[in-house]
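In what follows, subunit A forms one complex with subunit B and a second complex with subunit C.
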Partner chain A sequence: MYRLFRIIQRDTMNLITNPMWIFFSLMFPFLLVVILGFLTGGLYGDYFTSYDYYGVTLMLFSTMYAATFSANSFMEEKIKKANLRIVYSPIRNWFIPFSKAVATFIFTTFFYTIVAVICHLLFQIRFGDGKLLQIWLLFIGMNLLFSCIGVLMCCIFKSEGVANQILSILTAALAMLSGFLFPIANLGEAFVKISKWLPTTKVAQTIFEMIYDQNSANFSSVFLMLVAFSVLILAVSTILFNGEEYV
Partner chain B sequence: MKPLIEVKQLEKSYKSKKVIHGISFSIYEGEILCLLGPNGASKSTTINILCGALGFDSGEVTCKGAPIDKNLQAFKQQLGVVPQDLALYEDLTAEKNVQFFASLYGLKGKDLEAGVTFALSSVGLTSHRKEKVASFSGGMKRRLNIACALAHRPALLIMDEPTVGIDPQSRNHILNSIRDMQLKGMTVLYTTHYMEEVEEISSRIIIMDHGQIIAEGTKEALKEKNDERKITIEISDSNEISLDSFYQIEGVKEVALNEDELLITSIKGIENLDHIIDKLIRLQQKIQNVVVQEANLETIFLDLTGRSLRD
Partner chain C sequence: MIAMFRNDWARTWQNKARLFVMLGLILVSIVLAVFVSGKGNFSTKIGLIGPSKHEVVSDTVKIDHLSQEPEKSALALGTYDAIVDMRSGTPVITTFKGEEYKKELTEHLKNPQSIRNSQKNEGGIGSMIIGYMLMFVLMSSVTNMLLFSEDKEKHIMERISTTPVSFIKLFANYSLFSWLLLFIPNILILASISLLGLTDIGFSVSNYLVLIGLIALFGVSFSICNASFFKVADTASMLGSMIMMITTILSGSFFSLDNGNKFFNSLIHWLPQKQFLELVKNIEAGQSYGENSQRLLYLIGVSTVLMIVAILKTRREYVRN
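Showing the complex of A and B:
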């Protein structure tokens, strides 16, 4: 476990010492919330403001970008060569994808939490008060899931570029269908039906139910679903990865 | 010497293309084995299989008699690998780089510190241990690339073109380090494009081409196998020369003209230079220069593969 710990530590440090990734992880969700919250301010009331809506949905949208971070930390050219030496060392193959997912999870959880705190302080965005911890767990559950999805994409396509192209399409489609960018009802009945089946929609719904209806009946099932999907995706990634991707 | 590594009938394909065709060889304890071959010879594939980073289709690779794929982790623990590309974290110091990679071999505490000190001193970077890699010259990065493979004191050091693109001073430093490793009992598998490095450090040489071994032995033995020498004579007027008459001289295998140069391939061991010169004088040629070239590794390589090593 000492060797696994060292790899996770190194991967986390690689992310934390990259100014561009820190800037992106802080500014991307913050600017999205500020801009969309400001532009749509007139469409919402005083009790439930545009910032309340987009504070939740766009933070969820940002968690989906964890996939891009994990794909970068897995196969970004600058890091890939040093990672090659890890492949040559006497560690188990599954340590490598596992470590990238965990490091990305730690990184995104840390910086997105900072952004959420700033948004709360600046715009009084409600994140659940008494149910804050459970809502935070759902957010980081999304972080975990998408950190694992990024790793899986790299294991399948064996290239950061291709993985990121696929992930851009996937996150944009999921965000739209989940109503993260605008209400899904605008797209018609068919899209509403599809939206209901998406795990990302379920996460958003559960969070809003917990904030405004004090209803956390779905929390456990949704949280377990996120964890179960993450574990499953990570398991598939570790099976698919055999080190040859780096050689 | 006992074999540390034995490779038997190794085969490897990428999709339907076979890149290694049933090669067999041994690496003996304490030797520096140089693996030579032009681009596309499958040297790197062979090395990556020996590093345990690539699988293979058939055959067997054993370390001290035990198949490496049965206990890959234990095998990798005995290896130090120097990849062709610099595999370093640029934003870390030299010391932190070596520390991190050594920790992957289970080194911690005082052992880790001792390993780092040993590795950095082996490549002459002790005084730069606290400096960031980003500030290093190309040669220093190459030396650190080697140090990262040394801290756990591997039994077998695998080096894939470790001197590419560096200055002669750093190259000499690296070659001296490799000889020191050998004196300390380390076995080295070394690939390079530089024939002079092979001449300088090799205990034995394997020449590969198109995924096959085409020659193997010490440099002396390889040179011995080549029974030719090349004689180049610069003459005054090549128009006056009849090439056929030179074939009457004992030992002459091939004669050609290249502008005012007479190129003669002769069998080694037959002293016929005086007869050749005598014939030229009788043909009233003025001899301006004579070069006799015994077989060297470069010419042997060219003869065997039909290609120059850097092709």
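Showing the complex of A and C:
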């Protein structure tokens, strides 16, 4: 347990000491909210502003980018060599993918929370006053899920570059279909039907229900679903991960 | 040149998983665009509660009859633009959109014949399909620039710059290769849908050849310019696809974001994607390419400028005299 803890600590430090990632994790969600919120301001009213919509959906979209961070922390050229040494040390193989997912989760949760607080202060975005904790839990549930997906992609494609390219298109498609980039209802009924089947849509819907209806009936089921998916994906990636192949 | 092409193809073929996932994504995006888009698309969706003789009078407004009040989150998510409660006799409008929208809607309810002409994305099947495909085509053009980024990341570029091959030739090779990688699968899929007669895709195949070729040209030159500014492939592809995604949405490829804001509109007007979509619409309306030569020139001009910037930037970085 001590060894696992040390690896996780090291991986988290690696992420935090990389200024590029800090810049990305802070500026990326913030700029998205500012740009899209500003440009679409005219489509919304005074009570429910464009920032209220995009603050929630684009933060969710940013959590999907946790996959890119975890793919990077797993297989970046610099880190690969260090990992290769861990493979030959007397620890269990699954420590490596597991610790990357956890480290990314800690990193993104920390920085995205900062961004959310800044956005709230600047644009008075509603994140649900009474249900703040539950909403935050859903956000970090998404974070966890996508941290695990990034690791899984790396285990499948054995290369960070490939994993990232595929992830960037997949997340864009998924975000579009889940209505994170604009209300999905604008695309017509057929797309709404597809959208209803996506777990990510469920998350957004539950969050909006909690903020505007004070209805948290779906919270526990959605949260459990996120955690269950994360555990499942992590399990699959630890099975797929093979230390010796990893060069 | 041919040797360079062979080499590019060999490197792409090495990573079959990537190639096939890319092809799969292209296929899915086209299938979504061709078979799903435009089914039941209304620009205004209203939830109506209570008894009403109110009928749908235009194809831009859709009215759902509800038995009870829906949740407010339906308004936030955009499922309904407004909810009208008719139970008390006079309509009570609840909407998250501003006062102006409320006024317009009240006007419409009083006089259903006054058809609102806002926001309707006028365009046939062809421009709809291209609009939906646009984002994916442009994003995959960014990720297709892998070979160039890889050459830089693995310091192969330093060695190439010492060989007698000219930079223009090198860049022509990179861009032509990734252009083909983008152009061929898209066209093949569209052509086979059209030739098998599965469904109407709006344009003729030859029109698609020109239009997809044109936008692929812009995509490739943007992504090569983008890649030339970064040493690391991931940063380049992340930032590039982000820029492409936002600008494509803003250009109104999925639905028109036009909100009457002058400043916003004049900004959007200069986006190459916007110009391209206008071109597609005009072609669909029966205009010839000659009549749209300004738009064609603008797109080709922007692509050329981006390409020149990429070449100059890389040359300054790698060639030292």
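The rule is simple: the second predicted complex is superposed on the first by the 245 of 247 C-alpha atoms of A that agree within 3 Å, B and C clash if a C-alpha of one lies under 4 Å from a C-alpha of the other, contacts with A are read in each partner's own complex, and residues count from 1 in each chain.
The working rule: a residue touches a chain if its C-beta (ideal position, glycine included) is under 8 Å from a C-beta of that chain, and two chains touch if they have at least 3 such contacts.
Please read these numbers as outputs of a predicted model, since none were measured by experiment.
Q: Assess the superposed three-chain arrangement around subunit A: do subunit B and subunit C clash, or do they fit?
A: fit
Q: One more residue to check, A:230. First (subunit B), second (subunit C), both or neither?
A: neither
Q: Compare subunit B and subunit C by how many residues of subunit A each one touches, and report the one with more.
A: Counting contacted residues of subunit A, the larger count belongs to C.
Q: Applying the document's definition of touch, where does A:178 land relative to subunit B and subunit C: first, second, both, or neither?
A: In the superposition, A:178 contacts neither subunit B nor subunit C.
Q: Go through the superposed model and pick first if A:104 touches only subunit B, second if only subunit C, both, or neither.
A: neither
Q: Identify the partner contact of A:73: answer first if only subunit B is touched, second if only subunit C is, both if each is, neither if none is.
A: It touches nothing on subunit B or subunit C.
Q: Touch check for A:143: first (subunit B), second (subunit C), both, or neither?
A: The answer is neither, since A:143 touches no partner chain.
Q: Treating the CA centre of subunit A as the corner point, state the angle out to subunit B and subunit C, nearest 10°.
A: It is 100 degrees after superposition, to the nearest 10.
Q: Applying the touch criterion given at the start, work out whether A:50 contacts subunit B, subunit C, both or neither, answering first, second, both or neither.
A: neither
Q: I'd like to know which partner A:17 touches here: subunit B for first, subunit C for second, both or neither.
A: Once the two structures are laid over each other on A, A:17 reaches subunit B alone.
Q: Look across subunit B and subunit C in the superposition and give the shortest C-alpha distance you find, in Å.
A: 15
Q: Across the two complexes, what residues of subunit A are contacted by subunit B and by subunit C?
A: Common interface on subunit A, subunit B vs subunit C: nothing in common.
Q: Please give the residue numbers of subunit A that touch subunit B in the complex, ascending.
A: Residues 2-3, 6-7, 10, 14, 17, 78-79, 81-82, 84-92, 242-244, 246-247.
Q: What residues on subunit A touch subunit C, complex-wise?
A: Within the complex, subunit A touches subunit C at residues 20, 24, 28, 32, 35-36, 39-40, 42-48, 52-53, 68, 72, 77, 156-157, 159-162, 164-166, 168-170, 172-173, 176, 179, 181-192, 194, 204-205, 208-209, 211-213, 215.
Q: Could you please specify the touching residues of subunit C with respect to subunit A in the complex?
A: On the subunit C side, the touching residues are 15, 17-18, 21-22, 25, 28-29, 36-43, 45, 71-73, 75-80, 95-99, 101, 135-136, 139-140, 143, 146, 149-150, 153, 233-235, 237-238, 241-242, 245-246, 249-250, 254-255, 257, 259-261, 264.
Q: Which stretch or stretches of subunit B touch subunit A in the complex?
A: By the definition above, subunit B touches subunit A via 48, 51-55, 72-77, 79, 81, 83, 85-91, 100-101, 103-106, 108, 148.
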